[in-house]
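Next come two complexes built around chain A: one with chain B, the other with chain C.
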Partner chain A sequence: MKGPGLLPQVAWVIRKNLAIERRSGETFWMVTPFAALALMLAPLAISTDTALLRRIGPGMLWLVLVLFGLGVALRPSAGESRSVRDLAALCGLDPAARFLGNSLGAAILLIAVTLILTPVMIVLYAPGGNPAWGWLILLAGTGAVSLGLLGSLIGAVVTGLRTRTSLAPLLALPLAVPVLVATTRGTESALSRRSSISWVLLLVAMDLALAVVGVLLAGTLDNTPPTD
Partner chain B sequence: MEAIPVLWRGTWILGAASIILLGIGLYAVSGVPDEETQGIAARLLFVHVPSVVTAYLALGIGVLGALGYLVRRWGWADLVSAAAIEIGVVLTALTLWTGMMWGRLVWSVWWDWTDARMVSTAVLFFLYIGYLALRRSIDDSHIRATRCAVLGTVAFVQVPIVHYSVLWFRTLHQGATLIRPDVANATMDTEYSGPLGLTIVAFITLFALLITLRLHLARTELFITRAAREASTPVGAAVTAPRSRSPV
Partner chain C sequence: MAPTLLVRFTDVGFSVSGAVILKEVNTAIRSGDIIGVSGPNGAGKTTLLRLLATLHRPTSGTYTVLGMGPDSRPEQLASGRREIALIGHTPAIWPELTLRENVDLVNRLLGLQPDEDSLEAVGLGKLASLKAGHASLGMQRRVEFARLWNRTPRLLLLDEPLAGLDSATRPLVEQIMDRVVGRGGAAAMVSHDTTGITRLVNRRITVSAGVVTEGTV
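Right, the complex of A and B next:
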């Protein structure tokens, strides 16, 4: 009997991850307020100089999003137990579908987090401006997809390891540097109402590259069971 | 039971060649005049450049080994990849350190954020530190080899970024001098390029020696692990005298 195709499987994994989030509320009731608090506390540690804050605002926003967002993106794949993976394999779930589902599920959550935190950053760091919201929304989407894909890939590499909570950020953060640079520069441009097209295109290229690498390697990683 | 691995005979030749070439390189460098503007600091070039060239080579061999394991499941490819990356990390650290020392002498600062190559090399260093940490975290050899091969392949993307960062970004670091698209327009004086070439060859020979020794160590580790596993497997007792696990 032929099972469902790749896209329905991806949609199933996304629904599963969003249902888990709906029940736990971890991203919206814990991670997002914590990230907003970090954005609020940073000026107290650095400086309350308005000109300086306006300059560092985009960088602070995306640094916070990368640090907190990678945690959100790593959770579904890094935290999967052996029994969950075995059950998924028995159900005939394609590893590539699981990778894409986990990535896109995390990306949806991260887009929402970004869209909440961006106005917070503008209020706290760059008030009084008239940003290009269209570019900010595009940057939120492409940046969130990058973080989702990267987090899922690294999550699959560290899944089941005893040291995964310490190891995953160490592996993911250096790889997230291009995302951090592109989103920060893009946001700077959008805040001063300039086009962010080059940065959005760079993020789209990274998204595609990460998706291809992840899909190609998902089966290989899936054949190495978690060590738990 | 397999025999204890013995050191490859060529190791001694590699060792002797490394010492001789490093000696010749040192002699050649001692005869190089001080650079016009940088003075004695320019001599750091003879450690900095060979270490980065050899680090690229090591990380390149690392990714080839990783791909060899991913595509063909060659166990030896994983060992070569791990050995090369370990040495590559040490050489990357040496590159960073000599670069920072040069910066302190010439720019009066240890670190400059406008130097794209310095920053990207530091990112590369931390990425491969993560690789080594991942390797230490997994006991099962198959799982370790697969996951490290995936990470080793993805991480190598950073190497061309480091190299071409001086062309892609506005940076304080000088442009590519040795490996550049327009290689015919090299900008270095011959009294520098000759000794530099010698030290690069010496570093590559030293790398060949180190990877040979590291592979020997890896094979010995495998031998000990297998011997310990065989010794602890009670095949005869299990077949001839089955016993209950529960205490009587």
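Right, the complex of A and C next:
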């Protein structure tokens, strides 16, 4: 029995995940307000020195996005019960399509979160400037895709493990550093109206590398029996 | 017409982290078989169904399930698996989505046209827009059977399918099993229910401490 090809399957996973998000509202009604709150509270805790705030603003924005973004990719509703995973496998869902669909679904949510939080950061940390919005939007897209891929990859590795909650941040830490550095430095450049091309290209290269690793490992990770 | 061989297990064993769950299973399933699987809790019945569904890979022995074997390519596996339906003891539903979406999503992934009548057929037509997470266990079960309404798998695997189902819905399960077998398929069912539906069974398998033995009806 022939089913849909890889791309329609990827689209199926994205559509399903976004439908679940629309109903649960975890990202928009829980993650986004807390991420915005973290951005608002940080200046109160640090300083009212505007020069200092302008310097740390991009780092704060992407630190919050990395932490909350991985939370979006690893949120409970992104993980599925064994019976649902069995059902998808018996419908012929390609593990690579599951990985790419989960990653891109999370990335779509994260792009929206980033586009909400970037103006918040500019108002609170770097007001009065005239940032290069084109670069900020490109950084939002490529950075969100990195976080989506990273979160899905880690989610696939830790699925079914008893140590899931403690292992996921440990795995995320070394891999998230290049994303954090590239997005932060790119945002600094965009706020100063300089080109962010090198940082965007670095993120694109990371996205491709993470996508290839995820697709190659998807079958193996999918067939690993749970330990509990 | 002679029955077709659908499944053959030869000395199939399955272990996890050194613990033997099933050992040296030798059995064959042919079209027309309706197998009742029984045995005490933890004996390996669910593992046997998962091996039949190709969701577990045997750790020893050889097997073919609907033409799939240990060396099948991913695309052969995907195609073969679409001919298998497993209803496990936990309903496979997305609780955030409606009953209708739960049926339509699976149809779409199988490449089938969305159908309007399947939920109606299982008595859930008026509740199509109810969130599946708010539905009772029996309703969630009926959603799983609605997914089989316009589709006939060649291998139907049922793990405690009657749990949560009222007596009025049980004929539905019989109807689906009849259809699968009538079209050249086979069914295997784990059930502690000794009345009603189990009368359809024409072969029995007992699993005890990982050992599978053929019994008589």
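Note that in this section the second predicted complex is superposed on the first by the 223 of 228 C-alpha atoms of A that agree within 3 Å, B and C clash if a C-alpha of one lies under 4 Å from a C-alpha of the other, contacts with A are read in each partner's own complex, and residues count from 1 in each chain.
What we mean here is this: contacts are C-beta pairs under 8 Å (C-beta built on N, C-alpha and C of every residue); 3 or more make two chains touch, one makes a residue touch a chain.
It should be emphasised that the depicted structure is a prediction, and the values quoted were computed from it without experimental measurement.
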Which of chain B and chain C A:S192 touches, first, second, both or neither: neither
Touched partner set for A:P174, first chain B, second chain C, both or neither: first
Partner chain in contact with A:A88 - chain B first, chain C second, else both or neither: second
Which superposed partner A:T165 touches (first chain B, second chain C, both, neither): neither
Contacts of A:K16 with chain B and chain C, given as first, second, both or neither: second
Contacts of A:S24 with chain B and chain C, given as first, second, both or neither: second
Residue contacts with chain A in the superposition, chain B compared against chain C: C
Partner chain(s) touched by A:L153 [first = chain B, second = chain C, both, neither]: first
Shared chain A contacts, counted only where both chain B and chain C touch the same residue: 223, 225, 227
Sites on chain A touched by chain B in the complex: 153, 157-158, 161-163, 167, 170-171, 173-175, 177-178, 213, 217, 220-221, 223-225, 227
Residue ranges of chain A in contact with chain C within the complex: 1-4, 9, 12, 16, 19-20, 23-24, 77, 80-84, 86-94, 219, 223, 225, 227
Contacting residues of chain C [partner chain A, same complex]: 16-17, 50, 53, 55-57, 74, 78-79, 81-86, 88, 90-94, 96-97, 101, 105-106, 108-111, 131
Chain A-facing residues of chain B, complex: 70, 123-124, 126-127, 129-131, 133-134, 137-140, 142-143, 146-147, 150-151, 153-155, 158, 161
